[in-house]
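Okay, so chain A shows up in both of these, paired with chain B first and chain C after.
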Partner chain A sequence: MTAAATTETGARPPRAGRRSAPTWVGTVPFLAYTGVFLLLPTGIVIWNAFRRPTGGFTFSNISALNTSAVRTLFVGSLELCVISALIGAVLGAILAYAVASGRQDGVVRRLYLAGSGVLAQFGGVTLAFAFLATIGPTSGILFHASWFYDFPWGIALIYIYFQIPLMVLVFLPAIDGLKVQWREAAENLGGSTWHYWRYIGGPLLTPAFLGATLLLFANALSAYATIVAWEDQIAYVVPQQIGVALISEVGLVNFNQADALAFGMIVMVVIVMSGYFLLQRRAARWQR
Partner chain B sequence: MSKLVAAAKKEGTLNVIALPADWANYGTIIKDFAAKYGIKVNSIAPDDSSAQEVTQIQQKNGTSLAADVLDVGGSVATANTSLFAPYEVATWSSIPAGLKESTGLYVGDYGGYMSVGYNSAKFGTITSLSQLLGSKFKSAVALNGNPTEANAALNGVMMANLAEGGSPSSIADGVAFFHKLKTAGNYVPVQATPATIKAGTTPVVFNWDYLNTAAVVGQPASTWKIYIPDNATLGGFYFQAINKNAPHPAAARLWEEFLFSQASVGGQNLWLQGGARPSEQAAMTSNGSINKTAAAALPPVMGTPIFLTQAQATAAATYLAANWAKAVS
Partner chain C sequence: MAAVNEIPALGVPAEPQAPQGVRGLRASQRRRLNAFRYVAFTIFGLFFLLPLFAMIRFSLEGSKPGTWSVAAWKQIASYQGPPPLLPAIEITLELAVITSLVMLVLVVPTMIWVKLRVQWFSRVLEFLCLLPLTIPAIVLVVGLAPIYNRIERYNVSALMLFWAYVILALPYAYRALTAGLTAMDATTLSEAARSLGARWFTVMFRVIAPNMWQAILNALMLTVALVLGEFTIAYPLTYVNLQVELFSISRNTVNAGVLFSASAATLLVAFALLLILSYVGRRLRRGRP
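Up next is the complex of A and B:
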């Protein structure tokens, strides 16, 4: 699974006597793909967020975001994503380091990687029900967690269950990149373990750690099936409310309101991404 | 009628949508219809909501995949009449005037009363909703869905509202009741399903009586009981409508004739056997065509039934949109 992570791409020099295509041609499939499946849907969402169900432009969908009920949803999304991403990232990074310290071709490593690959995709009704049956307030087999239904900790615990394995998968290659020789060099020069992590390991891993944490944040932000299966009767986060606006049978359907909520999520991601880039620039100063 | 049967057989297929097999006996109804007329019934997205049914026909009209017939809640029916074709079934005069649009754009098909289903072995007999606030019901009481989304859940809150002395025009007392339930630690926010009932997670469930029967939730009839409050007998009907652009127009109309038929193997008696109350029940009781065993098995209703008007349902939804999550989270 990771063996091929660092092979050289055997790019051959262009053959003599034949003119090579312009360099931008290679990016066409990528640009076309992101255009159709990312930019176009995003554009449609933003466009519709400013339209009335009956047609015509309006700001009412956007101003409806600034009500206490909707603000609570965005705060809820933010809390859940930050908690589950940070705890998942820290615990996942420690686990990844432990796995990386073992033998490269050992059974333990393969077991953890295969397990992480499966568990990172474990979600939805099955996961929520598994937790309910194990630690639910009335039906828990293991113990009865009275806080199971509390937002955000109950659902954060369930999210962390798939956040940790995802962190292991995305962070392990970065740890594998740390060379033993660097540590030996630090020790030869009289550096302690603290010195190694402070001046070598830490700075090297920080950009990868921040990137992985951001991935976990986005993973939690867009999750829908798991939280709906956990608690179906209350909307705590924005995706649940988008669900209400799309399928309500009691007369609260408003597709444009759903678009406005999605637009709010886009803005939220843009803000988080900007913060990430600023941090990343600082963390990766040594690379320039 | 014979011409309609011939035309429907020629079409050969019927698309139905949002009909779960364990909902009001729909599994049997679909099977019996298909067997009687030799028409293939294509059951689309059984777990969709009423609103999703409308979206489906808006998106799929013009293709052979659009649903021919809809079974929707009152809010969705009245808001989308421009998509429906008027049709009067043979038994039109047996349907109470209050349950049908005057030209047949939508027609009440079956309904029931909001109820509390519960395990009597664990909780004893429930005789009032305020009992549910007691410490015996710790982490026990659940709704069927989010009341800003699902009709059954909204009516569950409305039942609590009426039992607390509230009026049908304002659902505030019902929301306050669930706030008290939450504060007491008795409220369970998990979607109640036969699986959660079996696991013991949702031993007390607010739902329509025909979805709360022991048979539907998979519990022994000796211990799974249904309680309908005398002071909050809240009824609700679903409505049939035919897609104006139905890909199988004759099969759609034949399906309606089957659903509203008073025959012993006709929709009305089949719904009754599923615990739902068919809209022609009164007429069938007087002309003797009703399945008496099934009628006697319905949970008894003592109070005066209340049905929400469209304005009351809308007011309740608006209030819930602003206050529900705050009250119970």
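Up next is the complex of A and C:
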């Protein structure tokens, strides 16, 4: 072992001496690409949010957000995200428990896991069409839902369709982490099912559940295609208005509104995701 | 030895009674649990499958309600609009190919190189690759707008969307490739190859990369699935891809049959890709003890 290590280190210097460029040069293409198309755009959003269209630093873009119209958008986003995240999280957790309590290599588990992987990604225009075909107010095959275009419940139902599978994917590892021995220990000590969930399972799963709910919240916050395909005449949530501002920006009408709104979204996402990572770290304690 | 024999000997008389009671309790619990599982699977299964079935049924609707016809499926290639569908399909397929290729060339060598030679960089790499998950695409597109203004001075083709699509696909590709890279002992492989006189180029492309072809395939399929469904970047930048065109058709012709057949077709392709992926992924995992 020691001998091998010595030969190893002994062999390195000549190699190192032969190379012409430092090793980090290999990362330059990747850094350049992500610099231009990921970091730069993010920077531009933050920069423009505090810049006058004519140049110079200002808070006026941000304070321009404090109108009743924009407040309605942020409240709308909050409503839709909270509703779809909470319902998605509860239903997803129930489904995850049903999946987890089956056989580890059972067909049902594999089917639901693969399906969840697909459906959690299945958003966008297509999903809105699918629901239009199912319960559209004039075209629904199942029934004609008069509330299909109601905000937030109509669109929340569509969002829940991709929130539940995401919850299953995120929450299943936490449920799998519950050890059978803990339940047996509780039963041996005379505890009932209620006792088990109230004092052991529940408290253990709470951080993971809350974390996953936050992730679902962020997921609903950034969804854009589905809600635009659902309704493109009225802007109910922030992403819709960003799209409108951006498209009308061709004529440089209200240049920095899109940036200010986008900055508002970045702030929300950063808060939510920080909460998610904190909770996730706490939840990971029991998932070994 | 004696102790080991003693315990079962002691346990034998107790066994018929105690576990019987426990097992009885378990059985009733099992029954309740199973009932709950079947109910849950049925309800959720219906919720997930009904919209898909409805979309396919709608796409097969004949000229009179209640009849069946494959006209809408034949229309996918020939739909004249407004707006016509075929050019958008072509653009999207080309975008899928270009995005996948750029992804391969940019990310695979970087990840292998970082794993082998620049390990201190791996945290930065992970951060950059997963960042697009946190920044919503609709926020990214706001910052991309001025950059695309520049690009359009040189090239106005919708194919230029690939620059942004590679970024969107980064997190998925990164996860898939990380799984492949950690599943093998890359360091030992590269040391073996190096000590046999291989150049770093040979190590990366003839030793490491072939050992993670399944992960590379995964990354490619995720990228293709993402490009097929992309709308958020293209639409605000007024580019036309498949999803944007479907959206325009839906605004011009309410409930056009081709809308549902094309949507269903896209979805079936994405399903097929991701199911192949989960199958390949399972074989990959099963191969490792």
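Quick note on the criterion: the second predicted complex is superposed on the first by the 217 of 288 C-alpha atoms of A that agree within 3 Å, B and C clash if a C-alpha of one lies under 4 Å from a C-alpha of the other, contacts with A are read in each partner's own complex, and residues count from 1 in each chain.
The definition used in the following text is that a residue touches a chain if its C-beta (ideal position, glycine included) is under 8 Å from a C-beta of that chain, and two chains touch if they have at least 3 such contacts.
The model shown is predicted, which means the values in this text are computed figures rather than measured ones.
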Partner chain(s) touched by A:I87 [first = chain B, second = chain C, both, neither]: neither
First (chain B), second (chain C), both or neither touched by A:F129: both
Partner chain(s) touched by A:T72 [first = chain B, second = chain C, both, neither]: first
Touched partner set for A:I234, first chain B, second chain C, both or neither: first
Partner chain in contact with A:I242 - chain B first, chain C second, else both or neither: second
Which of chain B and chain C A:F151 touches, first, second, both or neither: first
Chain A residues touched - chain C or chain B, whichever exceeds: C
Which superposed partner A:P137 touches (first chain B, second chain C, both, neither): first
Chain B and chain C contact sites that coincide on chain A, given as residue numbers: 129, 132-133, 136, 138-139, 228-229, 232, 243, 246-247, 249-250
Residues of chain C that touch chain A when the two form their complex: 29, 33, 36-37, 40-41, 44, 47-48, 50-52, 54-55, 57-58, 106-107, 109-110, 113-114, 117-118, 121, 125, 128, 131-132, 134-147, 163-164, 166-167, 170, 191, 194-195, 225-226, 229-232, 235-238, 243, 246-247, 250-251, 255, 259-260, 263, 266-267, 270-271, 274-275, 278, 282
In the complex, chain A residues that touch chain C: 8, 11, 15, 23-24, 26-27, 29-31, 33-34, 36-45, 91, 94-95, 98, 101-102, 108, 110, 112-115, 117-119, 121-127, 129-134, 136, 138-142, 161, 164-165, 193, 218, 221-222, 224-225, 228-229, 232, 239, 242-243, 246-247, 249-250, 258-259, 262, 265-266, 269-270, 273
Of all residues in chain A, those that touch chain B in their complex: 67-69, 72, 129, 132-133, 136-139, 146, 149, 151, 228-236, 243-244, 246-253
Residues of chain B that touch chain A when the two form their complex: 48-52, 72-73, 75-76, 79, 138-140, 142-143, 145-151, 153-154, 185, 188-191, 195-196, 199-201, 203, 313-314, 316-317, 320-322, 324-326, 328-329
